[in-house]
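Shared between the two complexes below is chain A, which pairs with chain B and chain C, respectively.
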Partner chain A sequence: MNQTSNSCSNFSTRLETVSVLVHRAIDAIQQKTIKKRNLIWLELTGCSGNIISLLDGANPDFKSIACQLVNFIYDNSLMASEGEAALEKLFSMADGDYILAVEGAVSTKDNGMYNIIGRWKGQPVTAYEAVKKFGEQAGHVITVGTCASDGGISAARPNPAECVGIQNLLNRRVIKLPGCPCHPDWFMGTLAYLMLFNEPELDARQRPLMFYSTLIHDICPRRPYFNQGIFASKPGEKTCMFKLGCRGPVTRVDCPIRKWNDRVNWPIGDDSPCIGCAMFGFPDKMEPFISYDTT
Partner chain B sequence: MEIAADINNNIVTDAWTEGLLFRGFEKMLEGRNPFDAVYFTQRICGICSTAHSIASTLALEDALGVVVSQQGRYLRDFIHGCEFLQNHIRHFYQYTAPDFIKLPEGNTLFETDHNDFRLPKEKNDRIVRHYFDSLEYSRNAHKMLAILGGKAPHNHGVFIGGITTQATPEKIARLRSLLMNIKQFICDSMIPDAYTVAEYYQEYFKIGRGYGNLLTFGCFDGYEKLGTLYVNPSTYSGGRTMKLNPGEITENIYSSWYMAKSETYTPFQIIPEPDMKKSDAYSWVKAPRYRGLPYEVGPLARMWLCGKYRNGISTMDRTLARVLEAKKIANIMLFLLDKLIPGVDVQKEYEVPRSAYGAGLIDTTRGALGHWIRIENQVISLYQIITPSAWNLSTRDRDNIPGPGEKAIIGTMIRNSDAPVELGRIIRSFDPCVSCATHVYSKGNLIKTMQVVP
Partner chain C sequence: MNDREIFINMIDDNLNEMSDTIDCLYTTSNFRVKNKLLNRLRKSMSNISMLTQGLRNDTSMNNPQPSSDRLFTLDELSRYNGRNGNPAYVAINDIVYDVTGNAAWGGATHFGLTAGTDVTSPFASCHAGQPILSKLKVVGKIT
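Moving on, here comes the complex of A and B:
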């Protein structure tokens, strides 16, 4: 259960990438060959599941990120200061050098009034304004999770808050890390890579190839069942989930080898279908999540 | 979320809890495949996603007439326990502790705008150490969750019938080992740390009481063979404990940015439409009521109603009840773990009925959570969600009766109205699962805005 079912040595090397990148960046900071960067993390129209997922990061963990890799300037959930004092820290970065991470989509309804993230000098600050202001000026913008990347569940039909992904508001390229939530490794690896080497190689949907290059279906440990036409008729079975509506055949991300929560498990390993949470169009184009009658 | 408070002569004379984030999950769910609700509704909250999967599953089981096997329940409830531990550890160390202890200087994340830190250096340092140590244990609580649930946040395991997968001897052994370590941390660090904080902030046993109306939908209760391991569905008001009658639950939108043909309704009746232009409204949070009255929900309500904690109802009592509950939950999980039988497959092929309805009421980390589903033509025609934070941070109703959070703030004496730390501490004791801020007004003028984190 603790080991990857894929024995290819290429996979185990890929698993080490994140820890190698982060430790190399931390070493470079200590040797003063690169600078510690400022990090702003905005939680917008979403569930805050991506910051929680980041706290679940195991190797490296959150402490090494927050204490050694970056100056964590602003995160609404984790910072000890409150209200204007908190926003003061955010706005103090306005002309500075920082990397912006955003989780959650941006509500565009009624000029953004459906999501107010705080108050600055007595005036409400909408998520919409914050993304415009801090997005254009950031050194890099990372969209963490499916909502920030493409609208995600926050933009699910009929899209009541008129949500869009971050890219829609910005005249600059963002790096997208879709996934519901984003795996802590995808974020930490991308962040460390940015600090060491600048932007990693991205695919046509602006996702780093080091995490998003492989179709789940192509490296799924249950692929042999698919090849032989042995399909599960309900969750709980150990064979191919294809006929329950598994989205592994369309979803590009490295879940089958990286797995989740210190690599203990992943959705198909839990005998349930992949629901394509890291895919453009999630959830509307990925439903139904579980169906018994796809034959 | 924001809290607006009027302060006159250092006393809070009025207060409003304002939810400033609208998403509209109930509208999104209309027309979808009912089975999808289990994974879909988890995305309401990344901090307590498992809770929604459980309430949603219970509602579907009620609608489909599915009776869950005992093994199915043990597996699912164990997963729910993991979510409790993850939440309680994170809430205490990452969200409550920074209100009372001084975190290391030189990190922007830890800077504060007040200086009401009273612990002697040695005790403060000990809790700071545990702030960082705790990250491993809350992370491991989610790791346990993933062992049975596939991943966390947003698990795949919880589903109709129990969970998707089966226990194995290896999983059981691994869970036991992780759980024993977490329990030891709770007993040796978290509970003593909470009592240390309480010792130096004694006046918080006297502030933030609220109404003293407590409610639970029940939790780890009504097992066929084991009976109730924690608390039965019940309420407490005016010194009397009563059995809960779910038919008495209503919700109203008098002060919320919604329109509907009736401003008070029962869960199966109406999903109101958003309307931010509505005058006199001030929040996206609605106002759930039981027998027409506001009720507090959460760990203190549960610990009170099961009779294990009767020290009092206050800001500090909420925090103590939460850490004590963590130990209780860990013990229940150890008990359930012993009942697991490896290899039992609890899944069946389910069919969506043409039309049906069902309710899923369960107490979760932050309190009573309800999902109500109506199915027509095999798709969802109505989906109502009432969250614990809606109970605690509910808005005023027709009679201008404040919600429990508002009531807890009103009347509080503020030592220093330039740094009214009391307000944040009171609201955070409810563990609101929305990030929120506080505005403090004096004679109608805004004097301060404070962020109150989830």
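Moving on, here comes the complex of A and C:
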């Protein structure tokens, strides 16, 4: 019951979407029908889990996008430069054409002084300043992960640094890819789509419908157990975890199809309830993550 | 747009589609196409059947007159928190609904709300205009 059916054409088509988009964009770049775009990736108030997740991408992998799809201009975790030399690369794009990816929320308390991303010409640069400067001028802004999209864990109660999602600070529309972390496919597919066709179709919460259209509950391999009223009483059992407080019925994203770590598994496949990490309000509104003694 | 108008619009959409399908049936002689169109007609009929049922429920439940005469104080309601054998009830606009088996109420909680409470205000801010209440069982009202 934990294996997603490979015979379902809906599932297999969805799994191929990102690979098709990325390779089509790379082909178009090689044929010079579209231009390679510059990519800036800002890591702000978060855990850097999204850039790590991106490195875990498979078919297409990180190397494909870093070498063939975009000019990866700036990411503080991955670039060889450090200190002002790194910031020099970032600020060299100030008036250029680039796509901005942001992970992590933005600390706004005391003018953002609780998150300094580096020093430029001797002065500290706050995450707040960086988002305002590079966000308003970017060709597109993609918020990668739940913190950048809606505040997420960084903005969880009591939120001492007064963190907010990126959209709260920008007078423009951003594309949101919530998830803790964001699946590499969601980012790579969105990036390739932007380069090929401009903005993908988004839902009311600014998430691409190609990834965020379906409730986990509706494509969950354990759905038959729910329908039959067979429920797990503790994690580790192989049945439906609705009574444990599973958030699959309120979370729209395609984890059951795409899975994680080179498509090996996902939380429910490992007998742990969905905690709704790709949904607005995570984590505060998704707690408690586990409930016992539910009727 | 209220639930009733949504149901009526959807019924109208299905009737329009049936009309188009019948027009196509007059013009085709290919039996495969004919079968496909007949299947489409049957699907539309099934949709309409479901929607009329929803309309009936909407009339009786979305502007509900509680089928049960049972009265709850807020203190009594708090016992129905979905734990230790108690069902999960919530109150919306003084009507008490059963959410025990409702998928969106996993672990008897929903977006930070817990069963056994009055959720009128968050319901209004998040679900206005959505046909949700008609699908819930009414168990009483708040005194």
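One rule holds in what follows: the second predicted complex is superposed on the first by the 289 of 295 C-alpha atoms of A that agree within 3 Å, B and C clash if a C-alpha of one lies under 4 Å from a C-alpha of the other, contacts with A are read in each partner's own complex, and residues count from 1 in each chain.
The definition used in the following text is that contacts are C-beta pairs under 8 Å (C-beta built on N, C-alpha and C of every residue); 3 or more make two chains touch, one makes a residue touch a chain.
In this text the structure is predicted, and so the values were computed from the model without any measurement.
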Fit or clash - chain C, chain B, common chain A: fit
When both partners are placed on the shared chain, which of chain B and chain C touches more of chain A: B
Which of chain B and chain C A:F226 touches, first, second, both or neither: second
First, second, both or neither for A:T214, with chain B first and chain C second: neither
Touched partner set for A:S149, first chain B, second chain C, both or neither: neither
Touching partner for A:D270 - first (chain B), second (chain C), both, neither: first
Chain A-centred angle between chain C and chain B, computed on Cα centres after superposition, in steps of 10 °: 130
Which superposed partner A:V250 touches (first chain B, second chain C, both, neither): second
Touching partner for A:T190 - first (chain B), second (chain C), both, neither: neither
Partner chain in contact with A:F242 - chain B first, chain C second, else both or neither: second
First (chain B), second (chain C), both or neither touched by A:K285: second
Smallest separation of CA atoms, chain C relative to chain B, angstrom: 12
Doubly contacted chain A residues - partners chain C and chain B: 287-288, 290-291
Chain A - residues contacting chain B, complex: 1, 43, 45-53, 55-58, 61-63, 66-67, 71-87, 89, 107, 110, 113-116, 118-119, 122, 124, 152-154, 156-158, 160-161, 180-181, 233-237, 260-262, 264-267, 269-272, 275, 277, 283, 287-292
Of all residues in chain C, those that touch chain A in their complex: 82-88, 100-101, 103-104, 106-112
Residue numbers on chain A that touch chain C, as the complex places them: 217, 226, 229, 241-250, 273, 281, 284-288, 290-291, 293-295
Parts of chain B lying in touch with chain A, wherever the complex brings them together: 2, 20-24, 27-28, 32-33, 35-36, 39-40, 43-47, 49, 90, 94-95, 98-99, 103, 107-113, 132, 135-136, 138-139, 142-143, 145-157, 159, 164-166, 168, 170-171, 174, 274, 276, 345-351, 424, 435, 437-439, 446, 448-454
